[in-house]
């Protein structure tokens, strides 16, 4: 079966952790992970500048490893990420901001990717906001 | 009277807007604003890379203007901001991150500033997390 | 005397309930952000017990379209009144 | 048939209440994150109506120290079981 | 054609969930048969008379009126949740059909995907 | 010496409020007379038997045991909220004094500053 995940909660609300565990389970049980769409506060998971303490997970790094190992598509919604200050180099340039902070494993795209995921997956699982 | 504000909610939860309106009112009513301490998700208010749509407030800019106009001290807690990826140039260097994103009006410091504010203000007002 | 602030909707979260549970006779409440939904008329969220000592922030009331839908014992205030209120109570406690 | 997921504590937010209100006879619930507090024994959060069709995620149960404090009609599952459950229901609906 | 149900359950202005949920509906309307269901505090999003001038957040509720232009002509709510808030459909700025609990269950079962905000 | 009351009201692991609240208590203990009050789901933070190994969040509850070394020897909770969760003090990993509603009111009134998490 083909799964799409929607992550709407900020990294520390648990939503991103749960989605990460679920994403791994989809792969280990032999199903297909079509797309992980980070929306609303979920986009904060893509912040490459986060420095968690040693005894805590770096959820941004976890998602990056999953992307590299299993070629999972990680999309952050452009409207949500602009508002919240998650920029890649293109958006940083467009709005002449001095820096960008989106992890390389994450790709900025529009809400169309959420709808496309809904139309082309068998199951869409939402990991809720606070 | 001397006021200290604690902002614990993320920018769009309303906490930062309310705290900003309150901070202005403290000044216009002739009281003293000792410190605004951004803690937990409140630190996201210091993200200089945020690009809100035209018809919405840029709360980071509003705080910066308040700082410049009335010399209000804006402190973001280091533990919270490191975890959430809000870095100034010093912290970016220390953790060899490629960029920093904290607005220049905001200063990174420790929890001691929250306790100091509690001890040296007449009133401490918290603007709560979600 | 304590000034309690509540910024969560009473139907969605338990913040107002806990506030009312631990509010003393002489204390007062300021409803802000989603907390203002507790001031809506025709619905009982327990505010009767604090009647006359419940304030609500005008900008939050207006943003949510509640100005014509309030209980009549709610005092609608601006931010400057809110600051003054804080000076009239010994401690401010937020319920969120 | 719908698989409902709830990730909020029942004493703090209304999510579980709404889920139970709109849950059909053949539907099931997965409790995750703070939602697992609804599975605590000796307290009635309305889960009796869905008895036998309520699952709870093990990692969230353990993190919160609830493994020895659960109702006996709760089925504790891992993430791989959660994935399988999603394939057995037509739609997954999250209450947050 | 897949049917997508958008469930709005959060109050406006105290967070962006409602606004960003509505954005998703607008996008979805171009590609699928979309229906909106207002539950819990989501009902407050279509309360008439909202004026965010003093607050600084977006007055997005009017966009609900544009939904029919986007082919989304069905907006439902829970009658129980509407009444629990002391409201009637007359208080709302757009036409909303209140549903009984069983009708809500049927509506949810009728859709292929449920997106939640 | 100013008295600061730290109120914990959120469950652990579903967010950082509890953990970051406890950090604030530790800092405060060096400068002021600090007391901790557990209300609502804050009581769950001191439930015994927590094991976050599989989850990835920090097992910070043990730090509550260190509070007395920091001079914070008073941890209170609402008896009503404890019982509403089917718990007793025996379920907790640190000594906590349950208070009646009136005792909670008196405790709050007894402090100069109340910090909330």
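Going in written order, the chains are labelled A, B, C, D, E and F, and every chain counts its residues from 1.
Here is the rule we use: a residue touches a chain if its C-beta (ideal position, glycine included) is under 8 Å from a C-beta of that chain, and two chains touch if they have at least 3 such contacts.
Predicted model only: the values in this text are computed from it and were never measured.
Undergrad: Strictly by the touch rule at the top, which chains does subunit A share as contacts with subunit B?
TA: A chain counts here if it touches both subunit A and subunit B, which gives E, F.
Undergrad: Going by average Cα coordinates, which chain is farthest removed from subunit F?
TA: Here the answer is chain E, farthest from subunit F.
Undergrad: By mean C-alpha coordinates, which chain is most distant from subunit A?
TA: Looking at centroid distances, C is the chain farthest away.
Undergrad: Quick one: subunit C and subunit D, Cα centre-to-centre, how many Å?
TA: 33
Undergrad: Find the geometric centre of each of subunit D and subunit E from their Cα atoms only, then give the gap between the two centres in Å, rounded to an integer.
TA: Once rounded, the distance between the two centres reads 26 Å.
Undergrad: Determine the centre-to-centre distance between subunit C and subunit E, using the mean Cα coordinates as centres, and give it in whole Å.
TA: Their C-alpha centroids are separated by 27 Å.
Undergrad: Using mean CA coordinates as chain centres, what's the subunit A-subunit C distance in Å?
TA: Between these chains, centre-to-centre, one finds 37 Å.
Undergrad: Find every residue in subunit A that makes contact with two or more other chains and list them.
TA: If we look for residues of subunit A contacting two or more partner chains, we find 8, 12-14, 53, 56, 83, 124, 126, 128-130.
Undergrad: If a residue has to touch 2 or more other chains to count, which residues of subunit F qualify?
TA: Correct list: 13-16, 40, 55, 57, 113-114, 116.
Undergrad: Could you check subunit C for residues that touch two or more other chains and list them?
TA: Within subunit C, residues 7-8, 11-12, 14, 33-34, 59-60, 92, 94-96 contact more than one other chain.
Undergrad: By the touch definition up top, name every chain pair that qualifies.
TA: A-B, A-D, A-E, A-F, B-C, B-E, B-F, C-D, C-E, C-F, D-E, D-F
Undergrad: Using the touch rule from the top, collect the residues of subunit B that touch subunit E in their complex.
TA: On the subunit B side, the touching residues are 12-14, 17, 53, 55-57, 59, 130.
Undergrad: Quick one: which bits of subunit D touch subunit E in the complex? Just the residue numbers, please.
TA: 1-2, 14, 18, 21-24, 90-96
Undergrad: Could you pull out which subunit E residues touch subunit B in their complex?
TA: 13-16, 55-58
Undergrad: List the residues on subunit A that touch subunit B in their complex, please.
TA: Checking each residue of subunit A against subunit B gives 10-12, 41, 44, 47-53, 56, 60, 82-87, 91-92, 95, 97-101, 130.
Undergrad: For the complex, which residues does subunit E have touching subunit C?
TA: 10-14, 40-41, 44, 47-55, 57, 61, 84-86, 91
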